Amino acid sequence: MQRLTKKRSKKAGLPPGTLVHIGDRKKADVKIAVIDYDESNFYEKEFKSVEECFIFKERPAVTWINIDGIHHIETLEKIGDCYGIHPLILEDILNTDQRPKIEDFGNYVYIVLKMLYLNDKGNDIVSEQVSLILGENFVISFQEGLEGDVFNNIRERLRSGKGKIRKMGADHLAYSLIDSIVDNYFIILEKLGERVEFLEEKLVSNPTTDILQSIHHLKREMIFLRKSVWPLREVISFLEREDCALIDKTTRPYFRDVYDHTIHVIDTIETFRDIISGMLDIYLSSISNRMNAVMKVLTIIATIFMPLTFLAGVYGMNFKYMPELEWQWGYPLALLLMLMIAAVMLLYFKRKKWI
Amino acid sequence: MQRLTKKRSKKAGLPPGTLVHIGDRKKADVKIAVIDYDESNFYEKEFKSVEECFIFKERPAVTWINIDGIHHIETLEKIGDCYGIHPLILEDILNTDQRPKIEDFGNYVYIVLKMLYLNDKGNDIVSEQVSLILGENFVISFQEGLEGDVFNNIRERLRSGKGKIRKMGADHLAYSLIDSIVDNYFIILEKLGERVEFLEEKLVSNPTTDILQSIHHLKREMIFLRKSVWPLREVISFLEREDCALIDKTTRPYFRDVYDHTIHVIDTIETFRDIISGMLDIYLSSISNRMNAVMKVLTIIATIFMPLTFLAGVYGMNFKYMPELEWQWGYPLALLLMLMIAAVMLLYFKRKKWI
Amino acid sequence: MQRLTKKRSKKAGLPPGTLVHIGDRKKADVKIAVIDYDESNFYEKEFKSVEECFIFKERPAVTWINIDGIHHIETLEKIGDCYGIHPLILEDILNTDQRPKIEDFGNYVYIVLKMLYLNDKGNDIVSEQVSLILGENFVISFQEGLEGDVFNNIRERLRSGKGKIRKMGADHLAYSLIDSIVDNYFIILEKLGERVEFLEEKLVSNPTTDILQSIHHLKREMIFLRKSVWPLREVISFLEREDCALIDKTTRPYFRDVYDHTIHVIDTIETFRDIISGMLDIYLSSISNRMNAVMKVLTIIATIFMPLTFLAGVYGMNFKYMPELEWQWGYPLALLLMLMIAAVMLLYFKRKKWI
Amino acid sequence: MQRLTKKRSKKAGLPPGTLVHIGDRKKADVKIAVIDYDESNFYEKEFKSVEECFIFKERPAVTWINIDGIHHIETLEKIGDCYGIHPLILEDILNTDQRPKIEDFGNYVYIVLKMLYLNDKGNDIVSEQVSLILGENFVISFQEGLEGDVFNNIRERLRSGKGKIRKMGADHLAYSLIDSIVDNYFIILEKLGERVEFLEEKLVSNPTTDILQSIHHLKREMIFLRKSVWPLREVISFLEREDCALIDKTTRPYFRDVYDHTIHVIDTIETFRDIISGMLDIYLSSISNRMNAVMKVLTIIATIFMPLTFLAGVYGMNFKYMPELEWQWGYPLALLLMLMIAAVMLLYFKRKKWI
Amino acid sequence: MQRLTKKRSKKAGLPPGTLVHIGDRKKADVKIAVIDYDESNFYEKEFKSVEECFIFKERPAVTWINIDGIHHIETLEKIGDCYGIHPLILEDILNTDQRPKIEDFGNYVYIVLKMLYLNDKGNDIVSEQVSLILGENFVISFQEGLEGDVFNNIRERLRSGKGKIRKMGADHLAYSLIDSIVDNYFIILEKLGERVEFLEEKLVSNPTTDILQSIHHLKREMIFLRKSVWPLREVISFLEREDCALIDKTTRPYFRDVYDHTIHVIDTIETFRDIISGMLDIYLSSISNRMNAVMKVLTIIATIFMPLTFLAGVYGMNFKYMPELEWQWGYPLALLLMLMIAAVMLLYFKRKKWI
């Protein structure tokens, strides 16, 4: 399960703009991958130090700098200096405990998103924060670098030059990155949907105790997912509306498309939540039902055998003068009486529809 | 029950505007039916290939192209080229996992709706996506082609030339199509309403375990229905308001009418949800009540027979000196004592209103 | 209980503006009652055919045409023709499955309301749809004609000429009609309030099983009431605001007054809903409490008599060498032991506050 | 407990503006108290008839007419005539079943508030309606006159001439009246808060059945309180905003202060509601817990003694050939066996943490 | 646990602007600490009497007056006089039962916040009210002085002259104070998050009765936290938007940053609430589950031993003619029969999956 809070406390009391990394530190080094392209040219390289890629800044082609591993504070500071990024934004990039948000500084836009995976077991949703800085002719993306990313298709498309992507500007690249992150949510929803359906079937056929655990786990997963996706709605809605100078008019329909997808994701999450809370109701009812069944068995047994045992007890008493005991047919008659009592009881339960 | 998610994942990572069919593929061929009409003329034909119907584009009469079966991507591409439809829209037409929405591109409007049926057994709601493209003098409708459609009445009205429909433009045709889809929701609500009432009566007369299943099923049905209808509100509200150039002023009252119907449908769904959640409460209470009844039977039996059995046990003890055993009237007296104990117990239960 | 849905399906597929009556048909004939008045004149008559009352149309005095029984489609068509009413409005008048709404066509306003009664037994709320058409100098009201109406006071006031009503225009008449419908809601709320209080008291004194039925019934009643009243808020708020040309400035405070009443009705409904849902909680707790009481009785009895019976069983064993059996005081000692065990158990329950 | 509805029905059907008193009638007479003041002068008198105080109308000093007992309709009519108050407002003053509201008629403002008390036992909240009419240089306050009021402090302040109140206009007087009513809510909240805390403690230490009654009673009290206070928010927000001509700019911060208090009261009510609903959950859980405890005792007793009793029964059988019965050590061995069974059972329960 | 209400009642009836201290009185004296700085100068001193620090008022450097202990009313009055603060604001500063709010008086802004701590045991959240008055070149902060504060880092930063803080105006100082209060909320959330996770684990491994108490306690803590933080959103949103003249444009991004943090805190609180309410569901289910388990043990034991005991009872009867008793193999056969009955019962339970 996800940890509920990150160790954000270590930042408390520091002056604003102090760069402190909050999150799980990756062991490997920082990877800086640069792709620089326009319709006719394409250049791709991985750099060791961040200064090497500042040469792309002045060139008119679109530059995509992807930084994998944000814990290296020095790198971040240099980029911030070169591209004139506000210190509070640098602080936010380092702090992986952000909700998705967007900030428009006029000459660049800062976007925070959550890239979601299912972990290896397929049980838990793992979240990785992706920060994007969209400028006039560049996009800088920051990843935590915990796992791979979902951008390989975009790299491939850029290399091959197929589709529109090479013909369009940095805003379209930003759109592509956001789109592939949102598309990935559908994969997670599919997996979760399968799990919901699996639990629903199991709930009907054989409601065991650990189903409750599974339902609760799924519910928490949904709370987590919702928290990651819900604010996205506002983020993308901001990009789609008229008021952002860096987004070209032709790119807007694309953002509207991502917006629709986001709404769809949110809708599906809410549907899942509804269904999961319905499952809890069913689980509780089925417990009560089974308790009922158990109680009925107990009651039937007790109601039949208690009178019989009493009768046997009566004829086991040691009174001197008990005429029945002397009768020739006493014993069979007593057995017959017992049989009749049992039959009457069973009939009563039959009529009450307990058996 | 509806599957919770569609295989949308196969689209993840593809460039925007890539045409991939998401949904259940129909075996049969694509059917292209064209109706071209104005007040005095009427022309209707079914075409094999889509190119044949492009001749209607330049003519002033209203053209309705109905395409049954959207899995044939080539057909879609040709229509998109001919009518200048945005690639993202073509992508949306193919993706049957859309929520109802509307997009206004100035010279045409794209509308997605859900056509709902009850399946053959009458248990489950089946949904088919209908996409409409409304232009100056044409309407193109795309259906998944899984089952028939609800447009036959409109075809009949067009053929006969009765009513206003032949005198008015493409916007009125679009209205008619949407109206017949929304009208069909009422039929489904009627059926579901009957089922709700049936369950309510059964709940009172004989609350069995499978009622819980039925309630849950109905609840999920409602979640599904709601998800299909709720966004429609916004769609039609958009058409009714001032800001869509393709909708004539005289058609607006008609859209307001459909809007009212949609609100009515949503209202009814919410009412059903309220009632269904009330049924769950009743079900749970009735389980508790029956448990109570079972427990009372058990307690009454145990409370009566345990003291009696104990008494019989006492007089079954083998102590040498037990004066009662020697008495002439010992046995009848013991029986009398037992009878009295039972009577006292019964009186106690009577006073407690357990019997 | 109210039927959840009306047979609206018979309209599906018909062209818009087709006049189909949806609702319970009344056997009697249509009654057309006309009242024509200004400050000094008063004229009242009941007509057989609708054409006879068209002469009032051109006169400056205020005309109130009340039509009782809407199933006679021909009558409706003639009125529609004469007063220039949109076909969709005529359709809505016939369809008694409408939610309260208002539509402003500039030269007339169409208002739908629900007139509510308690049925003869006083159990169920019965609803009758009232449609009003307010024009420059006329009001046409359409009733289903299932029962009487709540307008007699207004007729009386018009006849007597007391109060302001004869001095003011058609808008004031419309206000009076709406006001008397809303005032009638208070009577229903009073009755329901009494029932809520009756159930609350019974719940405390003697919670039987059929209380659950009553609570559920009341809850459904509230859902029904709410559905009828909630949209009214918007309707009257529309009339009260500036933008309706047919409402004179001096009439506006009156509509504000009705608006306040409507809010009050809605408030009271919400309060009732809150209280009813609290009653369900209490009911469930009281079931659990009684179960607890039953269980305690069972446990006390079992816990006392099981050890005793066991002891009696031990001394009923037939071993050859059981020294206690031979003792002179064996039997009294055994009885004493049993008594002590019972006393200890009772003390234990006392300390546990079970008895 | 408060009655849920007032006898509003007796007004149904009467023409608007008809003066009918709705509420509990006070036996005593109407009291008319007039205070007339400016910075240097102060005049206070109680009048028998309302005409006597009309002389103050033309004078520039601020006049506060407080009318205690609204059932005297004639008095009301005369005031209405003299000060030109709309008949609908007079009707509202008489109808004590109003929600707090404000109406601005330009030259005067009508405000309805609820003055709340705890009754003598301190159990129930009693509500009294206060109507204020604020004009250019006068405030008329109408009370039901059921109990005293909360205005004594203001009278004292006016008499002594301390503070700002004598230097400011009628709007400040209205503010003072409203403020003292809202301040009084805090006293009620304090009392209810103490009761909530008392119940919480009792719930933990000794959850008896009548706690449920208390919780329910408190919950209803909250519903009632909320209904009285919630609309106040809008009322005072209206007075605080720019658009009321009778409120001077310097008085506005004072109304903002009352507004804050109102929000605070609402906040506290919502907090109480949250806590009370949490208490219900705890109560239900504690019932279940106790049931569990009872069941465990029963099960432990039954599980230990049933096998033992069976064993005793076996050796009580009368078969001719039962070798154990002849053994010298048969009886002690049987007892030992029984002891061992009991020990094993107890160990099992120990391991299961039942004892 | 927090007390639900403060003794606000002692203020009821007093004229507005009367200074009454509401809250827990600190024993120690009032401490007045002044820091006066600009980019190059820094002056810090603690004063005994408040008049001494009025000299800073006219100087252009930024002055921060921190007053620890608000119960000394005289001090407050003097400051109010000197800086021209509205009497209602002084009243609010004294009243520690405020919700967070902001009031803009043009030349100064009044802000109320809640500083939160965990108490020594780490169980309860303790709240201390902080009032800020932000003027052109000064900030006055009022603390209750119950415990230390969270401003030491800011003092240190001011002393050392590191960072931007000395270069910027009073608005940035106000931001820093607010920021350090909000940052402190994250520490509390971390602690509560750990407690939530601890309870979740315990709930799964060993759900004891006192977990319910803990959950309830945590829930109340959340209600309290939410009440303190929720209004903050509006406060900071006000500061961040365009309309406050005292906030410089360059400081606005910083307030946007605090705003994001506040939203994040609120989000986390809501997530915790969701999870806690899920825990209650699990707790209730686990009680039911355990009850089920207990019932099964009871039923199994009863169902096995009741028939056996009956059989033993039958052969313990004293009828003269009971042929089985005379059989050579009667006893072993009876035992065998008993064994078989027990086996059949066990098989039945096995098949029912009860054991």
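Letters A, B, C, D and E mark the chains in the order given here, with residues in each chain numbered from 1 onward.
What we mean here is this: contacts are C-beta pairs under 8 Å (C-beta built on N, C-alpha and C of every residue); 3 or more make two chains touch, one makes a residue touch a chain.
Keep in mind that this is a model prediction, so the values were computed, not measured.
Trainee: Based on which chains touch which, give the shortest step count from subunit A to subunit C.
Mentor: 2
Trainee: Name, by label, each chain that touches both members of the pair subunit D and subunit E.
Mentor: Shared contacts of subunit D and subunit E: no chain.
Trainee: Return the chains shared as contacts by subunit B and subunit D, ordered by label.
Mentor: For subunit B paired with subunit D, the chains in contact with each are C, in label order.
Trainee: Angle of the rotation mapping subunit A onto its copy subunit E, from a C-alpha fit, rounded to a multiple of 5 degrees, please.
Mentor: My answer is 70 degrees for the C-alpha fit.
Trainee: How big is the gap, in whole Å, between where the Cα atoms of subunit B centre and where those of subunit C centre?
Mentor: Roughly 26 Å separates the two chain centres.
Trainee: How big is the gap, in whole Å, between where the Cα atoms of subunit C centre and where those of subunit E centre?
Mentor: Those two chain centres are 42 Å apart.
Trainee: Give me the residues of subunit D that touch two or more other chains.
Mentor: Subunit D, residues with two or more chain partners: 284, 288, 291, 295, 298, 302, 306, 309, 313, 316-318, 322.
Trainee: Order of chains around the ring, counting from subunit B in the direction of subunit C?
Mentor: So, from subunit B then subunit C onward, the ring reads B, C, D, E, A.
Trainee: Once bound in the complex, which stretches of subunit E touch subunit D?
Mentor: 3-5, 7-9, 11-17, 86, 88, 92, 97-99, 101, 103, 209, 212-213, 216, 219-220, 223, 227, 280, 283-284, 287-288, 290-291, 294-295, 297-298, 301-302, 305-306, 308-309, 312-313, 315-318, 322, 324-331, 334-335, 338
Trainee: Along subunit A, where are the residues that touch subunit B in the complex?
Mentor: 150, 152-153, 157, 162-165, 175-176, 179-180, 183-184, 186-187, 189-190, 193-194, 196-197, 204, 253-254, 256-257, 260, 263-264, 267-268, 271-272, 274-275, 278, 281-282, 284-286, 288-289, 291-292, 295-296, 298-299, 302-303, 306-307, 309-310, 313-314, 316-322, 354
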